[in-house]
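Working notes, beginning with the structure itself.
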Amino acid sequence: MKQIKIVTIGGGSSYTPELIEGFINRQAQLNIKEIWLVDIEEGREKLEIVGAMAKRMVEAAGLPWEVHLTLDRREALKDADFVTTQFRVGLLDARIRDERIPLSHGLIGQETNGAGGIFKAFRTIPVILAIIKDMKELCPNAWLVNFTNPSGMVTEAAIKVGGWKKTIGLCNVPIGLVKMANAVMGVAEDSEELFTKFAGLNHFHWHRVWDKDGNEVTAHIIDEVYKPENKGKYAGVKNVRDLAFNFEQVRDTGLLPCSYHRYYYITNDMLKSEMAEYAEGKTRAEVVKRTEAELFELYKDPALNYKPEQLTKRGGTHYSDAACEVVASIVNDKRTQMVVSTQNNGAISDLPYDCVVEVSALITSHGAEALNWGSFPPATRGILQVQKAMEEVVIDAAVTGDYGKALQAFTVNPLIPSGAIARDLLNEMLVANKNYLPQFSAKIAELEAAGVTYVAK
Amino acid sequence: MKQIKIVTIGGGSSYTPELIEGFINRQAQLNIKEIWLVDIEEGREKLEIVGAMAKRMVEAAGLPWEVHLTLDRREALKDADFVTTQFRVGLLDARIRDERIPLSHGLIGQETNGAGGIFKAFRTIPVILAIIKDMKELCPNAWLVNFTNPSGMVTEAAIKVGGWKKTIGLCNVPIGLVKMANAVMGVAEDSEELFTKFAGLNHFHWHRVWDKDGNEVTAHIIDEVYKPENKGKYAGVKNVRDLAFNFEQVRDTGLLPCSYHRYYYITNDMLKSEMAEYAEGKTRAEVVKRTEAELFELYKDPALNYKPEQLTKRGGTHYSDAACEVVASIVNDKRTQMVVSTQNNGAISDLPYDCVVEVSALITSHGAEALNWGSFPPATRGILQVQKAMEEVVIDAAVTGDYGKALQAFTVNPLIPSGAIARDLLNEMLVANKNYLPQFSAKIAELEAAGVTYVAK
Amino acid sequence: MKQIKIVTIGGGSSYTPELIEGFINRQAQLNIKEIWLVDIEEGREKLEIVGAMAKRMVEAAGLPWEVHLTLDRREALKDADFVTTQFRVGLLDARIRDERIPLSHGLIGQETNGAGGIFKAFRTIPVILAIIKDMKELCPNAWLVNFTNPSGMVTEAAIKVGGWKKTIGLCNVPIGLVKMANAVMGVAEDSEELFTKFAGLNHFHWHRVWDKDGNEVTAHIIDEVYKPENKGKYAGVKNVRDLAFNFEQVRDTGLLPCSYHRYYYITNDMLKSEMAEYAEGKTRAEVVKRTEAELFELYKDPALNYKPEQLTKRGGTHYSDAACEVVASIVNDKRTQMVVSTQNNGAISDLPYDCVVEVSALITSHGAEALNWGSFPPATRGILQVQKAMEEVVIDAAVTGDYGKALQAFTVNPLIPSGAIARDLLNEMLVANKNYLPQFSAKIAELEAAGVTYVAK
Amino acid sequence: MKQIKIVTIGGGSSYTPELIEGFINRQAQLNIKEIWLVDIEEGREKLEIVGAMAKRMVEAAGLPWEVHLTLDRREALKDADFVTTQFRVGLLDARIRDERIPLSHGLIGQETNGAGGIFKAFRTIPVILAIIKDMKELCPNAWLVNFTNPSGMVTEAAIKVGGWKKTIGLCNVPIGLVKMANAVMGVAEDSEELFTKFAGLNHFHWHRVWDKDGNEVTAHIIDEVYKPENKGKYAGVKNVRDLAFNFEQVRDTGLLPCSYHRYYYITNDMLKSEMAEYAEGKTRAEVVKRTEAELFELYKDPALNYKPEQLTKRGGTHYSDAACEVVASIVNDKRTQMVVSTQNNGAISDLPYDCVVEVSALITSHGAEALNWGSFPPATRGILQVQKAMEEVVIDAAVTGDYGKALQAFTVNPLIPSGAIARDLLNEMLVANKNYLPQFSAKIAELEAAGVTYVAK
């Protein structure tokens, strides 16, 4: 079996132990020579803590894998076989701003949706493109496995703008939804007995489910999970508050929604709930920041050489494991059926041919082979199309730093009411993110000169 | 020249004098035998007043046309050549409810957009289908010229559900926009010197403009009309308050918006403005109701035999004249370039092949021949696609009376925040419209039993 | 495991032993209660011979399966779980006419391509629709596994015209092509190590191949198999003469052709070769008829209770085995990757959404889940599109019996030169097939009255 | 009115008098300063003869237009407003080879279809691209009005490869078909009373016709013109022999074919007819060459200062006049409805978005505004799609000089039987055209080395 070199950008992430555990669990499938954990100066301390722990984990597993920690991305990328990305530009403080600023205007504040998601894309896309620039030079044959959010837009930028075709984008949400379907149908949590088929965009997909006899059970699961009288019967996804959908509306789609559809299907209810948390300083980002601090305290323990239970509560669980499965599936041509972000090429007829979609696919040694989906019925088709269009505008704005384009993205985004409120919010967020948006620097200077300020609220 | 019989459903409308004037102005192009003004019992008084005036106008013009007034639609339709529709189910009181109920929930209340537009479709579509049922029997070769709002959805229902291919939908908004372009470019108000090309949906279209030398002047007109410093330089459309767009966003589209895009591009600003009017009992419907009452007072004057100046202020001006031009263009194969609602057939690549779109077309004796438009760039494409999808869901709900579908329409509509607020609003509006929604009667009874009520606010 | 009833229409076929063997080989996966072999009066003798042998095979395998022979299709269909079709309307004599009549005009005569294929469709489609009519009444939940040729058109008629969504069409050609790729790449004949992906139409598809390391080896296989200097290195498909392609042209497509592409890529060379056989009375149909007679002699041997070696030479080998694999895959939700004819739904972007295509798919308990293919480059796209259009016209003609449509099919078919020659050929073939074309009976009578005759040549 | 400079590449053509006459007839609409007739050394004599005559015509009309003759294309292009192209690479001798070589192999030999059309494209496309390269430098705002054949492919190369968006391609065939429809319907030859709508590709389009009352008369015209009993009732197009279609097949399309469809709808009949002419040395090119020699004799007459009657017999009549109308329509924003080759942009849903199609369009000052056509029914759709795909491959081969691509073009072309015959024909024609195909020079040298020769037959 060929020896491989894996590079993880954002190696100082609190998720790294799950990633390492994922590789350890697949040791029979992976002949790893080196794992390189890369971070930037700002994340040096976290890298050292979690990196030391990663080394302990590998050692405890009795594996000969080298674990390298570095702040030199180019050194790490040299001859890499796989590059996984889990970095967060601006760290959790940027996420806190992404959540709290919109909420301070009475609008949805969320990591990957609404204004927050747009700004996360603005900060992240230039960095992924810089990484790809390095990869073209240093490891032109490597696979890029992206699980940096907003995963769909970052993957589209990597493939379409960066031209890196060998990119696969990941998300943990579908994994949770499969587990939920399993629970409803009474099969084991990790069973592959049910056939599931997903299509849409990252954090914006739908799925259908069939049982082993070939009966479609989508409607049955909708009833079991979303009928008001069944409220609470099945657990949701950690990252998304578990508010009730309007049942008749979901049933009308004929498709199972993803957890994040709550931001679009019950926007106002989600907003009310978020506003309450905002008032108490308990937005998701703030909670995660505290959890993460606790995790790093744990990680410091030189006796800890396994993934602690507490990480599972962190929210992004399964993400890293999915990344490991993608790597193992590519290396071994496992043809595992997974849900990934990949180029559309007509798999979803309603979306542009060359855009990135999130669909069920077989992960082969030559990449993702998507199952064909076809067309959506009008109600799902329409919101899917505007979401993708919004993503395209966001990517364009992120690359060009064009203010009109950024304002357009805010206008088209379904979670941001248009008008003066959108413009004011955009302006404030631009100023608040000035350290991470070189592409918008001229406009930000202009805004500051005109008196736009950001004060943490 | 062949003699023709024209039937106007909703003949008691205050617009009828404009329609009659339009025919009189085209007397050289139209050999009219009979004009039948049809209304229902509820509108008898208005029909008698405006019908008498119509007769005076025809007489004053010295024309041999017979003007018939009737409450018997079937009698009127017999052997008709053209059927024009300008009826309003539930009269202006229904429109007042369409506007005031959403506003009472803090949401956009508007005749053809948002919740109000959906309910207008719910009330109107069953009636247009009933008319078509009669037409199939009584005048199978007639043209249906629809200017009943929401004109796009009503036209789509007529063509796709009713199967009446010979339907042309009309709107006066493009006429105003051409006049505005003419004003900016310094040519005569009614000049056809500029070449304009429109595409989109009713009350949701964009256009491009070229001067006589072939230079595209779209960007120039955007600058002239929408740059903040040019505010107020050019007049807008009567029915839509003239709030400023976010200039950079409009400029980014590269296309001239329609007046109604304000509901989508500056939603929040429009809402604030509407809320102020709501508080004073001066919503558009209420103002129109007063204007209309005054108009009917004028119409009663037995000396009045021409269209009074005051009608122009009514808001829908040019609508009826456009209808007359369509009739004249069909009769004479004039091939006039007009903006009409017609079946897409690929004219807009981004929308379903068989849906109804509003596009520039040549009006020939065999119907509308659309100019090809092609594809929109992402930002306009996305909101156009979701708008059309919403229309499809609305039509489906209007035809089936399915509650899940109605809730879906409210959820997909970009002007209605989703969640409990959408459901509550839908429920209240269903109860408020109970007299006009036989297709939803079972659900309405259920809602009433559950305590949902409507009290005028 | 649920007990199943399998019905085989055309049970008297010489292929039946392969089918029975296929089921026996999968006895662990299939809990068969009954196998019904159905034929018509014309095929009674063959049914009795091969049916007796089928019984011996099952008995020799020690299986408790009931094997029923019947001429009563409706009795057989009652409560069936699977219906497989392998019938041949007009028996091999019709195929001989399909081949010899075109050749007598100097044109390609072939079972599934050109004029012969069109007439096979004309004879077969009405029968498949009649079977489906019975199935709707007698076994509304059964799967229809079609391997009656022309398999793609018959499957499209079943799904689109008959409305039987649970139809899967089969072909043995892809199986042979996978074996060939395996041979070139030096892996075992039945290995699944290579990843292959097929798309196109029945007998008109292309494929790509990747090795286990993810390298695309399509171009390498093209070179190995089709470079002139490698001629004869790898065996082709039995049914298709193994003439050399124009290498540069195949290489330019960038895709591996199917064996039947020779009829389109080297039409003239194929024709010359066929003409030589025609002159000697050795067209493929004539050869097959002799082989079949020999087979039935073998089958009569009461000691023969296994599939004889000679059947493999028959040409259609693997067809029946593929059918068994489809059945086993549906019953056990095996998700085997196979190449089947199924509804497009956008899997091939260049073809109508609702047409039937032949693509790589996972065979699940709820049917075929196609891998997405996307778009073809121009040279392959164009000939694929005209081929599908031709199929659509053929199906339309087969269903309606419209002469203009039949002539259109002949005109559009790339293997039939258009003009008087096409008309004369069509007329002669209509008359020659008069016993099997009730839908064309009026036209045939008219042609006969006008002196058109058919004399075996 | 702005003064304009018109440049005609291939000014020595025998059509030049028609072009000049066309301009003279539109003198009220065109303020021409200069007309530059450009040719190459090979055409110097013809340029001088016809150029002198052009000067006489302008003088006789009493117009102050300057007529310049030059062999210096760059001098001519400087600051041009319109560039019209009517050149023929290799002169009529090349056309003779295009016709006679295929016929010598028993295949269709034609100027714009089959192997001849492909080679005309191979010779012409590099030249049009060179002209555009000059235009980018010398007259970046000029319109390119192309009527050099194969007009559709040359126009597509100009727009897509050359990037010259301001290109309009022309053909005279639709003009003749409108005249034929007028004749059938009994209106004046040049009447615009009927509404016609064309779509397809150059020399491969269909059309529909409506009368002034809005009745579609397409089927009626098909009956009148193509029913066997009406043979000869209406005249066809000069360039195409007037053989009878198979009536039922044409009627089945529901669309009026173009004259060139005979090459596809009655290929064999056309071939027989061509073979007879070939045997007598009377292929179309040979006849035209004689006609042209006679024309130039006439043109030498210093007394001749008007277009002689004999030019009309030449075949391409109306071509130049159409070019003049395009120029006049652009200059005056006349919005004349004409049939032109222009970029598809979705006007024909079945073809690639960015390809060039031939459709009815309004000719405005900013270019062609196509009427939307939509989708074709299968029989027409299929052959249209393969024809366009063939064109794409031809253009690709013409630009790259790739032999595999050229062989692909021959294989995909419906008029060339595939196989060894196609390869042999391709090879011979490459050698025969060696002086005009620099892009294929390496391959041609290789072929010659391998013994491929061309001897005029």
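Going in written order, the chains are labelled A, B, C and D, and every chain counts its residues from 1.
Methods note: a contact is a pair of C-beta atoms (placed from the backbone, for glycine too) under 8 Å apart; a residue touches a chain by one contact, two chains touch by 3 or more.
Because the structure is predicted, anything quoted here is derived from the model rather than measured.
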item: Contacts common to subunit B and subunit D (chain labels); value: none
item: Centroid spacing, where centroids are CA-atom means, of subunit A and subunit C in whole angstrom; value: 46
item: Rounded Å distance, subunit A centre to subunit D centre (Cα mean); value: 55
item: Overlap residues in subunit C, where contacts from two or more other chains coincide; value: none
item: Which pairs of chains touch, using the document's own definition; value: A-B, A-C, B-D, C-D
item: Complex interface listing, subunit C residues touching subunit A; value: 193, 195, 197, 210-216, 330, 333, 335, 337, 345-349, 353, 362, 364-367, 369-375
item: Residues of subunit C defined as touching subunit D within the complex; value: 246, 248-249, 251-253, 264-271, 378-379, 381-383, 385-390, 392-393, 396, 402-405, 407-409, 411-412, 414, 417-423
